[in-house]
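Next come two complexes, and both contain chain A; in the first it sits with chain B, in the second with chain C.
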Partner chain A sequence: MVMGIVYALVNVLVFVLLAPFYDGVARRLTARVQSRKGPPLRQPYLDILKLLGKENVISAEGWPFRLAPLSAFASILAVIVLVPLGAKANILSHRADVITVVYLLALGGVSVLLGALASRNTFAMIGASREMMTMIMIEPVLAMTLIMTAVKVNSLGLQGAMAGVSASGFGLSTGLMLAVYLLALQAFVAKQPFDIAEAEIEVLEGPFIEYSGPNYALFKLSMMLKQMFYAFLFVSVFLPAAGTGVYPLDILIQLAAILAVFVLIAVVGSTNPRLRIDQAVRYYAVLIFLSLCAVGLALKGL
Partner chain B sequence: MNPDPFGALFAGLGLLAASAVVSPFLAGKRRLAGTVNFLLTAAAGAAFLLASVRSLSSGAAGHATASVAVGPLSITFLADGVAGVFVGLIAVMAMAAAFYSIRYMEHYADYGLRSYYFWLPVFILGMIALVTVDDLGPGFTAAWQVMTLSSYFLIRFEHRKRGNVRSAAKYLVLMELAWLLVAGGAFLIDGHAFGHAMPEIAAGVARTGGAPLAIFLALLLIGFGLKAGVFPLGQLWLPDAHSIAPSPVSALLSGVMLKTGIYGLLRTFFFLAPASGAAFDSRAWGAVLATVGVVTLFIGTVQSVKQSDAKRLLAFSSIGQIGYIVFASGAALMMSGGPDAATQALAAIAVTGAFYHLLNHAVFKGLLFLSSGSLLFATGTKDLNKLGGLVRLMPVSAAVAGIASISISGMPPTSGFASKWAIVTSSLLGGGAGAVLVLFGIVALFTSAVTLACYVKFFGMAFTSAGTEWTVAKPVREVPASMLAPKVALAALCLVQGLFPFLFYGLIASAFRSSEGFLLHGAFPAADPSGTLSASVLGIRLAGLFGAPFNAAASPLVILAVLAVILLAASWLRKAGGGGQRTAATWLCGYQDIGNANRYADRNMFAALKGLLRWTGGKTENPGP
Partner chain C sequence: MNAVEVARKLKEEFGAAVRATDSPSPDRLFIDVERAVLRPVSNRIAALGGRYIVSIGYDEIARNGTLGLVHTFAFDADHWAAAVRTSAPASDPLFDSITPDIPNAGWSEREYMDLLGMKFVGHPKPKRLILADDWPEGVHPLRKEVPYNLVPPAAEDVAYRLDEAPEGTAVIPIGPFHSSLHEPEHFAVYVDGETIKGCDYRGFMTHRGIEKLCQTQVSYNEVPFVAERICGICGSVHATTYAQAVEAAAGIRISRRAEYIRTVILEIERLHSHLLWLGVAGHLIGFDTVFMQAWRVRERIMWLSERITGNRKTYGMVVIGGVRRDITPEIAKEIEEVLAGVEKETLVLKKSIIGDTSIHRRTKGVGVISKEESVRWSLVGPVARARGIDIDVRRDHPYAAYDDMTFDVPVVTSEDVWGTLVVRVLEIFEAIKILRQALRNMPSDGPLLAEVGEALPPLRHAFSLVEAPRGEAAHYVITGEENRPERWRVRAPSYPNLQAVPLMLLGDQFADFPIILGSIDPCFSCTDRVAVIDARTGRRRVLGRQELENISRRGKG
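Entry: the complex of A and B
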């Protein structure tokens, strides 16, 4: 009971404290690829602290605009509380399952959209429309990654589904899903070539254009958390757990692997041009089809 | 206490008939007629709720039936647990709609209300009768015709508007066809006569086998499917009819009338067909229902995203949500004959999910139609291209519509989440009864993201964003308190449905327990069912199926608590810097202010997705002024 609560708190602390660091790594690497020096690794921490101290400038009265950053942050952090970091179940692991996580991630997306629509800004709404389409097309891939392992172990529980390969071994289905996950990774974390909703030089950060100060700090932090979550999910599902059984060591191994995923994200992101939304949507449709195939293979026991 | 529910039931029907006689005479004074109608409907509703409670508490005491002789024919009524829950649901929604009508009907200043206040109570009467009659002959015919005719006149209420009479006539013709299919199909049963009550029909079904039985079931599937609005039958009439009726009527049409079709399907496939024993292939029919359901939920929802008319959007989305219910029923039927005990246990979860979603959908879709009525009342338009920015002008309506929107999208911890969780979980784990169920479950999950898109659009474009300041000339005000009250009550009910799923699991289980002849009767024992399913205030949990220590869990209250704690912390963090707050104009790169010419209209939303899914069809109509 007490340890269950401790594990949940460790999840929160590890993610909130380290997500900006991984973002710093990605920014630095992107800069190096583009022959720039790049900001120091602590820059994202400083950004968030500075934003939190600034004045909140709001473009629209009413609760939706004010609620959006809070609920975006709350839903991604709620997901993080539930997951088995270091392969340890916590107090909430048996109160939620894969479906809860999928819907909570959608709730986070909706919060961004709500804020964008509430801001009354045309650019924000273009961004919101793109964000929603991305969500519709890319969330099934995430869901199927978890469902694929869930059908193998006959449990939608997070510990079973996220243990993935280490629970059921590598097979044809896992291999295919691994490939699909990698192909979808940039879209999950909203980096180039799939940063279509935010697209700074096109729609000026899209959904976030009217947000500033502490509100924007919350959005920024939730985006970093989301990126770290998707990297963690990849590590957790597809890399056989170190399985040392020593909780801190397991976490450290996972964190090191997450760093490697961020290197990949940064390198792919800095070397690819952005796609148009209609191109991206067709691309996602192929990914959905492939992940359906992977689930089908898993059902056949392959 | 007298356990017989029929006294209360007939008293309620009598009160509705009284309202149909009295209220039209007062129609000259609109509010008075509405108030009288509401009071009589509320009294009838209280009687129906009492009947509902009695039918549920009667336990498995055999058939609770009563016969009423009408001339040479006798009509048998049945009030078992399943009928009882439907009666209660209709009563709740009818009271809300009647209350809402009092002020809402002022919107139609050019039309007299005499026919409205005659047909509205008759419509409710017809629906109650339809879910309590126990035959496919005289009782069914009478109830169906009363319900169909009254709803026809309610749908064509705005008969001077072009196209409305035609849409209503289409509805009437198709519903008569549905009646013909069901009442006529019954003659395929061995030894069937028009006056037979259900036990005799069941006995006949037991003697019928092979092709006649299959054709009989297919005819009933088409007939009730027409009513419920499954693909492609629902598309023929539902969006046209639901979008032109006055909003409280639309709320009743989508909220409860469609459910009478589901009721028919439940009675057919879970009560009547199993009577034939081995001649009924539950797995094949389950596969048919599940396939129909999954196609319906996908197509209906995708078509809904394309709509810009708020009420058309809601109507198409009703088709989609009905798809979930049909899909879950079919999945339950498939799993009921599953290879192992665990799969059969999942059948109980699936059918509970179907019933639960039916109750939830009635409330939040009723609420959404009442919300669209408020939009129409306050602004005079239901075109999402013109609406926008109403959250400041209509804060209560916005909050209520927000609750309904996140509920139908299935966001935790709302009612849509609780019921869709049961549906998706059971199908994802129920692959043993057919791998296709897992794929269907994935489609259902994908479709709920599309539902989300729909309601982000509906809520976002009507209440947030910007628009009415340029498109609506008259000053927009919040709707009167008597229109808010039923919406707030339904919103509260909607929250309860989401946060305390164990209450509804208990209700549904006791409804099935007190219904004789139910296919999955054994899956709902009075004592704790072997610990697989634990339902408590903390949520629903499945454990021990297929030898896994833990299978799945949905805990709305726990999720709510987690979200609330983080929200509070984030809200503190936001203020911690002490930077203060200031309002500034929307920033469009400094050249322009936002105006009617450069705002983002509803038709532009999700263009790429609509392009990708063009093949799914779904007629969009210019909603006019």
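Entry: the complex of A and C
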């Protein structure tokens, strides 16, 4: 019981403290690919602190605009507290299932939409419509990933599902889903070529254009947490071999693996131009189809 | 068809309405016509193969009570250019608009409605183009009677009326400040979902009054340095074009060595500009690695420019009669070394860009405008060459030492942004080729600066063309009596190309807006060089933070 609470707290601490670090690594790597020196690794921390220290400019009327950053942050925090970091289920993991995670992640996306629509800015509107399309097309891939593992262990429980691959071993379905997940990774974390909703050059950060100060800091931190979560999900679902049984060691191994995923994200992100939303949607459609195939294979026991 | 034949043909067809023809050199023909036949003569010249360049309006009220108007045309295949001149009394400044037939004349004509008070019958869009929205009616700043430093009182609550939005579309305001513009301009993009259905443009927001300034305040020799500041990227082009126009008007011959040095400077400028654009294009499609790498390579060129001229940009090399600095054998050697490095690195860039299918996806079939439309719209430079139009001033109207150079003019027929990209990448290698030849064949003697007589003959007309990195630059000079040009008209390559952007945007995705606009490498400051506008509003007050916030929030809908 006590340990269950401790594990949950460790989750939050590890994620909130390290997400900016991973972001810094990605920025640094991107810079290296571009023959730049890049900002110091602590830069994302400083960015967030700086934003938190600024005045909170509320440029739109109504409560949705104020609520959006809070609910975005809260929902991703809720996701993080549930997951079994270091392969240890905490007090909350037992009570959550796969559907909870998918729901909470969708809530984060909806929060962004809410804030964008509430800001009534033209560019935010375009960004929001792109974000919506991305959500509709990419959330199913995430859901299918978790459902596939759930099928493998015959349980929707989060802890079981996340260990589904290690329980049943690698099969055809896992291989296919792993490939699909990697292909969708840039879209999950909203990095190039799929940073379409925020496209700085045409829609000026889209949904976030009217946000500044602490509100924006919350969005920024939520984005970083989301990125780290998707990297973590990949690591814990598809690289289950890391289990040594020693809790701190398992966490370290997972964190190292997450770092490797971020290297991948940075390299792919810096070697691709941004796609247009119509091109991206076609791409996502293929991914959805493939992920459905993977679930089908899992049902066949492959 | 050469100049003599065209002159004869026009005289035959229009009889006495063609008052005189004058050919001061084999590659120029000035045709003076009656106002009534301006449009048919212009159309005839266009039909004979003349590519519309620009129109020039000028004030001769003090001399004979008229306003003069010139339309210029280039016959690229036959290496010459024509100017059709006419005039109208200032009391009745009516001209037939040629815009319905030659759409690219649209801006020129609107410019003279604003600046000289001319009226064009049949102009399809007689809206204000250049003057600020609160500029008083009836004050035409390019008229000689208007002082260069006139500051009319600012008016409130006046705004440009955008074109009517097509049914079922939303307006996305791009500008006056937007991260894909780099300069203050306003595009109202009409979109249906993400598809662009139309676009209106309101530009000319950063007028500096350069033409008026140079016609009233500075002297011939100072103008090149002002001209160089028209554009931050192709400054030497404008200095050269102006210097050549004055040299042609006054009959000044410059030494061969000076011509070679001008060629070297112009090509170095092209290298920097092409690499700059390549980087910006990468940025505009969200590919910052291309941006950074292209600019890293470009940095060598910037270093080289500083080595040669003392400046990374705005070289200050070209003056009337020649150039200001020499290229010594030591510097020539350094240029060769830099070129070798740039060539090697650009080859790597070229390979990774041309072969990258993700770049194909963002540029192929984007910003399409057909070859026929491009000819009709008189497009120039890489934008035209990407549409299969084989023109290049360096080859078609040789200036400086380009007649000695052998080089290819890359032309592709894909008619889209991808084509523009390919053309500009290939031109980098052609520029390197030209530079090597120029350094190898440069005559070792000859003065850098030719002797220029005390006074230049007044009221002579001349114009010159130069291939800027973005396309053709054209300057028209009428020499004056007070040691400065009576009239100096600058037309940068963005001026014709920008006018066709709404056409290129039509039916494309909104996400492609930045790269389509970027593909013409628009230089707004180049198009914004005319008129006397002073940024001061006459009133001075300091806005508090609260006020600024209120203003910034008020505009939301």
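The working rule: the second predicted complex is superposed on the first by the 300 of 302 C-alpha atoms of A that agree within 3 Å, B and C clash if a C-alpha of one lies under 4 Å from a C-alpha of the other, contacts with A are read in each partner's own complex, and residues count from 1 in each chain.
The definition used in the following text is that contacts are C-beta pairs under 8 Å (C-beta built on N, C-alpha and C of every residue); 3 or more make two chains touch, one makes a residue touch a chain.
From a predicted model like this one, the values you see are computed outputs, not experimental measurements.
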Contacts of A:Pro39 with chain B and chain C, given as first, second, both or neither: neither
Contacts of A:Trp63 with chain B and chain C, given as first, second, both or neither: first
First (chain B), second (chain C), both or neither touched by A:Lys54: first
Contacts of A:Asn121 with chain B and chain C, given as first, second, both or neither: both
Partner chain(s) touched by A:Ile277 [first = chain B, second = chain C, both, neither]: both
Partner chain in contact with A:Gly4 - chain B first, chain C second, else both or neither: neither
Touched partner set for A:Gln192, first chain B, second chain C, both or neither: second
Chain A residues touched by each partner, larger count belonging to chain B or chain C: B
Shared contact residues on chain A - chain B and chain C: 57, 59-60, 120-123, 126, 204, 277-278
Chain C contact footprint on chain A (complex, rising order): 30, 33-36, 57, 59-60, 120-123, 126, 192-193, 195-196, 199-202, 204, 270-279
Chain B-facing residues of chain A, complex: 52-65, 69-71, 73-75, 77-78, 81, 92, 94-100, 102-104, 106-107, 110, 113-114, 117-123, 125-126, 128-130, 132-133, 135-137, 139-140, 143-144, 147, 150-151, 153-157, 159-160, 204, 209-210, 213-215, 217-218, 277-278, 280-282, 285, 288, 292, 295-296, 299-300
Touch list for chain C against partner chain A, complex: 170-173, 178-180, 194, 282-293, 296, 358-359, 361-362, 509-514, 549, 553, 556-557
In the complex with chain A, residue positions of chain B that touch it: 389, 391-392, 395, 398, 402, 406, 409-412, 417, 421, 424-425, 428-429, 431, 435, 438-439, 441-442, 445-446, 448-450, 452-453, 456, 460-461, 463-466, 538-539, 541, 545-555, 558-559, 562-563, 566-567, 570-571, 573-589, 594, 598-600, 604-609, 611-612
